[in-house]
């Protein structure tokens, strides 16, 4: 009989943390062994359902003292409770600090922040990491695997530090990788990625940007030529900065990303060829859904799922191609992909607990 | 030829302040004499359009140094610029402090906060005013007129301190006053006021409550049995606390209030009588629109207007009556009503600049 | 080993049908035996995922011919496929016609429409059933059980026709039943039920009412003193029409109901007594979540779940009580409750496949 | 003293018609001479406020028989009432039929539909006009002026048929025209126009697309490589089809368009040069607001105004430029621009009644 692993989550109070809790609590391979939820390093435990009433049930996650608690973290406690795998749903500064310690304690880590996603120091500059260039950080970065199963499945299986991709990056990279790696895209003409995300992507902190009055009935572009996820596009797609423009926008919806991506092909293609290329590339990827040529995904098809949906439209000239990619930024763009990585790390089916 | 008055606005950076600026800048009786916008008491001026790009135009409210500015306040400046009428679109603590000073300097004041609306100390308790009971505050309170023109038109004309009503209070009082003052309502059975407001009513400060993720796709009741506007209902409708229940809710929309109000009549009525009572009561009130019996207003009819819309539905028994009242919380519920009060104070037509 | 039952769904193309499909496809007691989806009685099959791309997966519900299909209905087909339990997610006129036929063919039926919910002919009048008063309809009505497990658990277990409650009715009845049946409520003073629902409650047909431009940024009351669910309140709570007012409103959100309910108690109560009454009443009900006194549920806590959440606030006088009840109109208000009924009918745990 | 013109509106029941009515009723140059609202050619008049309660006021547009009416159309009536200028806020098929008749009767026409915008038959093909190529249609097309004042001010002044531009087209053309006509854009690399519009752009007819459940919490691309406004871009910007890609999206908001436009410059530019180019180009255009370099407009700045807002962001390489353009699709994208055209046609200030 399979030994059940013990998972733990740091940062369960945020939106990605909430989805992670929801997924792990219902994960069939973890049944009977709920994750441990860690909060601040001091103070009293508080019920998970007090922070996320959505997760309250009448079977163990209620508001009372008998329900699942968010417990103050300590390494002693983590050891005593036998934690195997730790999810860091924490700000990147905190992940920079905690991931090395967790590895030292023998845990396997899935980090949902941007702390360990980028190999190239130039791309990391935008994060202004306090420990940039330190020997420890450099060593850890070398061990980190970019946690996009559709591209790095085998490395993830063996990894002890998985850097879960950015939400925007996931939607753009999955849509472009088949075309770019086939050499079809005329990268010198430039690739345009016009991405739109729901407000949960901006985090739970109340700010002028996340105020209802700013986001509702509105649309705004931001981070033009400077968004942090750009480095992930460059590294995973092997592009130079001048070959791609990535513009994120804030949508007046709670969750979901739609990226509209524009490429010019080097030579004319048929729609059937494009569709076949996508289907072949993702043949073994249970969490990518390819739409038939000319049918486009919409945000509401993939929210509350862990799928990434991809569709495209080819111009009559066979050269201009518009690709549309959708996903739920909190699931395939965060918690869902994190569990997908966990599944690979522990030999479960990639889609377990996610479909 | 009419002498144009000089208006000034404190607190133009908030939502009510923005609407006040919009209304005053387009007010036909103030044409050519734009309001003075006062901000903090120190620091450099900043363009109004930098705070509210919505108000930018190519005729004087641009982003440049030539455009309208928000200027640091001082009494010297106010005197030098010949301010006649001052709007306080400020938090109530600040209005408690500033209204007495403004009156002392000979200004006429329209205060949009809750600072001076309540005559009864018991009703004011919820505000916990620092100067509660002081001789100055008591004297000022005596001079204050509750700024609901439909009820207190004559007193407002003569007032030098007008306490602009609360947004919820306006929607409920206008809907109930004709019925209650006619003695039709069986107040001993209790009146239920179920009110719903858009998020702008919660103010511009980013908080957990105003976060898009809390407000969107949601509805929540709050302030049950404890909302600050309750005192206004009690005083203006001459009711005892146990005769009314008022429950506000936060709607996932930027602006607008709809109040659904439930009364039992002492004796059966006909719809035509109810409609006639409303029409008679508001015959001289240009900013109240009465809907024909059985037709109900909706929020979207009155947003971006300074009207209060009222409709009702009478049960077949002629005793149970549901009244629906709608208004824009930033206009008839705040800035529009404030300008309506200004109009009365200076002898303009009540609806000037508002229809 | 447990024999798996074969379920079938008529009317899977609507919103409740979609949720029913989603729940049944993931139901652990039906694993490996997906429901049969029936559509129109003629025409070719079409893939379920073509109608509901949300339900597409890479394991059997894809867009291709191998995926789950919506098949043209016939009784022969139903018999050949061994259907045990039939869900009718159809308009009430159609359910009036089909339920008798299904019973005749030996199927057990859960009907999600309003066709069989009301025992009292006066309450049914609003539906204007074509077969009202016919011997068949009268006989069938006698067999029908009102499918609210929290009130009629034992009868549902034995039923062959379960009339799944209305969404509004579920939220109001669950909130009021404990108080009313304890005799605490002064029903002669009148009970006010102010209910608000997301747009999915208005159905999938494009109408002026369901147009985005009508629903968005708006709130409107409708069906005042005439809504079809009123009869369910009267029958299940044993009230006379003049003892209750029920006003539904259309919220600018996709899904979710919040009902704010106002009662006067006959004698003063303590909050702890009210909470205890609720907890006792629902002690064996896994799909009702009671909030601690003074904490109120919000719509977003229960959407995408099959729970009904109940909270309350008691006035200092101990007599005026505001109860807030929330649920997802497509789940506890429709498909979730339908599956809950199925679970009871076949001896599964009440919450199987729902938590 | 200026003779007031008599305006009339066909198609006032739609969204653009409603905004047109609102603007014309408050237009200072038309004061005292309200527009005539024409509806179907038969049947009884009905109050304007019955169709658009938003427009009800207590001064002449009430629900009663004394209020403004929508009257059944006839040419006799139009002549008898002395109509000078006719707005067609009608479907394009109807405008193809009515515009020639109106010109024959000596009226000056502003047509808000797509009937007369396109000079090139190839670009018109997408409309499938029944009278395409007929001598009358050809003659009329020659007289039509593309009603974008910022590009064709002088011709509009003299025109008797103004083809009011498409909403998307307005936002894209205004943003691109200065750059393209200066020869800065490397058109061979391709221009990408990613446009997003609120739902009012899809019209008032209830359809699957305009259903709240489809539009809300969603984003979808549509009309890829086939949208009707593409021809306007090609003609006004003098581009070949393969030089531009235009993708519209449906935003979950009532109104507003944001277009994100991507160009590559032939040679590197400075931000100050780009800003100066825009400011010079629109120096005499009161309804275009240019944002300072690096500051981008948002949808909520321009909704409920008749402005088009333009901002841009230039990459460090000085070659990749992202331009963001916003407007209210019902105002600068329809009714506001129509009134702007009227103003030019009758010698008023271009912005009269619009700021």
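Chains here go by letter, A, B, C and D, matching the order in which they are written, and residues are numbered from 1 within each.
Here, contacts are C-beta pairs under 8 Å (C-beta built on N, C-alpha and C of every residue); 3 or more make two chains touch, one makes a residue touch a chain.
Values in this document were obtained by computation on a predicted structure and should not be read as measured data.
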| field | Chain whose Cα centroid lies at the greatest distance from that of chain B | value | A
| query | Out of A-D and C-D, which chain pair has the most contact pairs? | reply | A-D
| query | In whole angstrom, what separates the CA-based centres of chain A and chain D? | reply | 41
| When the C-alpha atoms of chain C and chain D are each averaged to a single point, how far apart are the two points in Å? | 46
| message | Two-or-more-chain contact residues of chain A, please, as numbers and ranges. | response | 214, 216-217, 252-254, 298, 300
| task | Note which residues of chain B are touching chain A in the complex, please. | result | 15, 199-200, 204, 206-208, 210-217, 252-254
| query | Where on chain B does chain D make contact in their complex? | reply | 53-54, 56-59, 63, 217, 286-287, 289, 291-292, 297-298, 300-302, 304-305, 307, 309, 355
| query | Any idea which chain D residues touch chain A in the complex? | reply | 189-190, 192, 194, 196, 214, 216-222, 224-225, 242, 245, 247, 249, 251-254, 256, 258, 260, 262, 264, 296, 298-300, 303, 313, 315-317, 319-320, 322, 324
